[in-house]
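Okay, so chain A shows up in both of these, paired with chain B first and chain C after.
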Partner chain A sequence: MVLLLVIVLEVILFNSLGRRFLSGGNISNVFRHSVEIGLLALAMTPVILTGGIDLSVGSMMGLSAVLFGMMVNSFGVDPWLAGLAAIGFGALGGGLNALLITRLNLPPLIVTLGTFSLFRGLAEALTKGAESYSAFPKSFLALGNSDVAGLPAQIWVFLMVAAGIWLLVHRTTFGRSFRAIGYSAEGACYAGIPVARNTSLAYIIAGAVAGLAAVILVARLGEARANAGIGYELLAVTAVVLGGVSIFGGSGTVSGTLLGWVSLAMLNNGLTRISDYRIMDQTVASVARELSGLLTGLLLLAALAIGAWTKNLATRRARGQSHPENPPRSSPP
Partner chain B sequence: MKRKSFITTLALFATLPFVSCSKSESKGKLTIALLLKSKGNQYFVTCEKGARIAAAQINAELKVDGPINSDPAKQNEIVENWITDGVDVIVAACENKDSISTALRKARAAGIKVVTYDADAQPDARSFFVNQATAQGIGEQLIDTAATLTGSEGEFAIITGTLTSANLNEWIKHIKARHAAKYPNMKLVDIKPCDDQKDKAQQETTNLLSTYPDLKVIVSVTSPGVPGAAEAVKQAGKTGKVKVVGLGLPSENNAYVKEGVTQGVILWNVENLGYLAIMAGAAVAKGDLVAGATEFDGGKLGTMEVTGDQIILGKPVVFTRENIDQFKF
Partner chain C sequence: MSRFSRELTVAGALGLLLLILAVFAPNFYHLQPFISRLTSQMPALVAAVGIALVIISRQIDISIGAQLSMCAIIASVAAGSGLPLGAVILTSMGAGVLMGALNGVLVAWVGLPSIVVTLATMVAWQETLRLWQQGRMLALPEGIQWFGLSQAAGQTAVISVSLTIVIAAAWAMKNLALGRFIYAVGSDAEAARLAGIDPRRTTFGVFVLMGVLAGLAAVLNLVQSPQVQPNCGDGLELKAIAAAVVGGVAINGGRGTLWGVLLGLLLLANVNPALTHFHLPPYWEKAIQGLVILLAVLADGLGRRKRPR
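== the complex of A and B ==
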């Protein structure tokens, strides 16, 4: 609810300060430019629900992008086939994370911090840091730059993935086990949930979706480079946490993640709109974009604070009413 | 509680139509958008300064934007936002040649004129490239400056970035050609790579100074090499005896130039590059500069020559003790 208000406030603010924020063209830009981060946020949601984190998704994008570019440019593989392969490589990378986390019981933060460097390093080594791939057929680039039924083409892919993840998390026993694991892995184990297998799947999905995000980014830019997706993992985590998913796992929703993502995407685009704003005949171009980091931080902290505050309030009220010995640990919004 | 927030949300939405369209569009004025490679980089801050002078002179609206981090997607996003804004001209310095070309082609398809400067896009993604300097101009300026300092005689050595760097090798080629043609009494003793690192340049220069005690001048074709060589000369106590010249930013070399360690720092006039890029963009938009043109009016820079689809800024500038304080980049 708080996020909906944030989004509405953003729309009002940016539309009055900036230029043409609500125009169809700009709204479609907002989504076209943030689909990749949205995909990563979706992919990150099941992982965080299990109480884990995946810092390697941005680097996985870089590696998938390079492998994809290499397949198409150097080996003449059909881009759609190569796209599927890139998703497969992503899943493999996610599998490596899963293996280390579930078999060796290493903390996800440390494992994915390692693969964060490993994947990016591999991508840079494969291209010697400088090479890039840019010979892609027009039909493939259309995925990143054309409209289908009035919306950016990649939004349709995004919606399919969103629906898939939503169904998985909220409509299958399998997906519900993510929250159970995050709430208490031991408890989930006693309840007969195959904890290692299900946790692994969350990471494999995350890797595969990162591969998909890489393909979409390459289609949008027309170039595959080792630096694709730099810094995206933290933006994705921000969107997820902003969306009310507990960083400790156990609670949260896919729709929350989506709202978190939309509010971030609008913030980012809206600030560039304000860059046309003039104060005393001086364009404030050089201010607005730099504010993006600052405002993202404030937004996140404010949302967390308000969330914690309302939860405290609810807990106190619940205590006052009946079961004082049994305060709810968390309530899904 | 829930219903209340819902109603508030609705009420807020209802006010939307009243707050929109509060900004008036400037009609009839040319809107030029200047894309920087990166914001906050002194080089591009200086480009922007020149661009603002040009925009004020031709009474055009100028938007300036550029990425603040290394995300390769950022430049494309900025261009796509400009397409939605409906600017008239985009003047771009390109970070990733191929990816930015995707966005610039889109802009052209939407009827926006595109000119590049500093770093080019693919030729089909822009109509003209404002080139800051030719390889020949840079190479000849370097050796000419070195020759002036040494009376056209004695040993000299070159510090380069890496031995495989295409543009540096191109400059060295022109240094050698000019050397062979004009300065028979000078002798090139060595070419050392410094991997574009100041420390390595310092180390290599120290070695050069002991290997060739008669060395008269060190020429660095890479910008980290200039302060690196200067530091080595200074520490060897050979200030003034061994001259240092090279391609670099005035700001990085200011102290060495003032101390008399470095005699000449060479670079194009960055402010004029921004200025000329805007003038070229405006000329393309007004139809004064079309394919096949051989010259156009570069404002305060005078009539500029057009070679094919390139406009050359002109000869590089030599920054010396006398003028270096005027250049802030």
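== the complex of A and C ==
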């Protein structure tokens, strides 16, 4: 509810400050340029629901993009087939995370921090730190740059993934188990939920969707590089947390994530469109564009603080006492 | 016996690596480049001491690279405005205290998970630097490089300050109340609370200490060259975390020694020079760093599995 209000406010604000914010062209532009982050946010939602986190998705995008570019440019593989393979590689990477996290009981944070470095490093090593791939057929690039039925082509892919994740989280027993695991992994185990298997699924999906996001990014930019998706993991986590998914796991909705993503995408686009005002010799636009990263960080902190604060209030009210206990830990037992 | 097994393993691996280098690449040990390499690792060592304390208290801080960059730039601006060396050092550490305190307040008192807090502050500092410096390098005034001493004396000073920090921190973790509190809070915050320790104050203190050490590491980094880059701390967080984890600091908190961290850092620091001596291209560096982190947590996880719960 609050987020809807934020989005409406953003639209009003940016529409009055900037030029052509609400034009159809710009709106489809907003979504075209943030589909990849939206996909990562969707994929991150089940992972965070289980009480975990996946910091490696941005690096996985880089690795998938490089593998994809290699397959198409150096080995002449059909781009659509290579796209499927890139998704497969993503799933494999997610599987590595899942293996380490669920079978060996290692904390998701450190495992994915390690693969964050490993995947990006492999991407850099494969391209010798500098090479990029850019010979792609026009029919493939259309995925990133053309419109289908009035919407950017990649939006249709995004909507399908969104529908899939929504069904998974809200209409299947898997989805229920994600929340049960995030609420209490031990409790879920006693309730007969295959905790390791279902948690693995969340990480594998995250990896596969990161691979898909890489393919879409390459189609939009027309170039596959090792630096694809740097910093996207933060934006994805921000969108998820803004959308009201508890970072400790156990509660949250896919529609919340989508709203968080829309408000974030509009913020970034809107800031770059404010151009008629000047502060200290610089147009506001150039300042605003550079501020968007900083604002994202601050927005995330604010969303978290408000979340923790309301949770504290709620528990205090429920217990009827004035001294709140320490919040639960983020890492699983 | 199993108490120091990790430290012994890492020491063995380090010894083996150094031995291999001694046999196959003896010019690795030419005194001047050897000392220079060692000196260039000292800021990371100081940061690794800080991150070890953070991890032992069962938190994480991935903003330390950005903190170090911030401190370095603030310190060099202070130096540029003509402050004496002592004041520059204090400025850098002061900036570190403020940034550490922000993390500490958000983690300890607001109760947010440290990973997200420090992810957000990392981006906030990086973006602040980008906005402020636009990637410019800052030239330092005379008398800052090598603390205004000769290069050899400066290198000795950097190395001895860093080793003093390690020794002091190792002693404090064993003998001071705060050190014992950090272990206690890291192994079980609730039990620590029942034992009369305030976990929130301890956690806050650890983040502030991390900031101080990041500020000091920034100074140790600053004095090694005539100018500062606004991204000089990039990647430091991974390096420091890797050193701590490889050195046997348990990622679930409560366990680990600073001697292990020292050995872990020296091992990691020598992997890359060893690779170049054996003609492996340098762009494998990040992948190998990630692999080493994974192997270390893997060893940690398997070790934990064998022990009865």
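We take it that the second predicted complex is superposed on the first by the 285 of 333 C-alpha atoms of A that agree within 3 Å, B and C clash if a C-alpha of one lies under 4 Å from a C-alpha of the other, contacts with A are read in each partner's own complex, and residues count from 1 in each chain.
Criterion: a residue touches a chain if its C-beta (ideal position, glycine included) is under 8 Å from a C-beta of that chain, and two chains touch if they have at least 3 such contacts.
The structure presented is a predicted model; accordingly, all values stated were derived computationally and were not measured.
By the touch criterion stated above, A:Leu167 is placed in contact with neither chain B nor chain C. Legend: residue contacts after superposition of the two complexes on their common chain; A:Arg32 is shown touching chain B, with no touch to chain C. Of the two partner chains placed around the shared chain by superposition, chain C is the only one that A:Leu104 touches, whereas chain B remains out of contact. Applying the stated contact rule after C-alpha superposition, one finds that A:Leu217 touches chain B and leaves chain C untouched. When both complexes are overlaid on chain A, the residue A:Leu313 reaches neither chain B nor chain C. In the superposed pair of complexes, A:Leu81 makes contact with neither chain B nor chain C. By the document's definition of touching, of the two partners only chain B reaches A:Ile230; chain C does not. Taken together, the two complexes place residues 231, 290 of chain A in contact with chain B and also with chain C. Those residues of chain C that touch chain A in the complex are listed here as 58, 60, 62, 106, 110-113, 115-117, 119-124, 126-128, 130-131, 189-190, 193, 199-200, 238, 241, 245, 251-252, 281, 283-291, 293-294, 297-298, 300-302, 304-305. For chain A in complex with chain C, the touching residues are 53, 100, 104-107, 109-111, 113-122, 124-125, 128-129, 231, 234, 237, 241, 247-248, 287, 290-291, 293-294, 296-298, 300-301, 304-305, 308-309, 312, 326-327, 329-331. On the side of chain A, the complex with chain B involves touching residues 1, 4-5, 8-9, 11-12, 15-16, 18-20, 22-23, 25-26, 29, 32-33, 36, 132, 134, 141, 145, 217, 220-223, 225, 227-228, 230-231, 269, 272-273, 275-276, 283, 285-286, 289-290. By the touch criterion given at the top, residues 2, 5, 8-9, 12-13, 15-16, 19-20, 22-23, 25, 39, 62-65, 68-73, 76-78, 80-81, 83-85, 96, 98-99, 101-102, 106 of chain B touch chain A in their complex.
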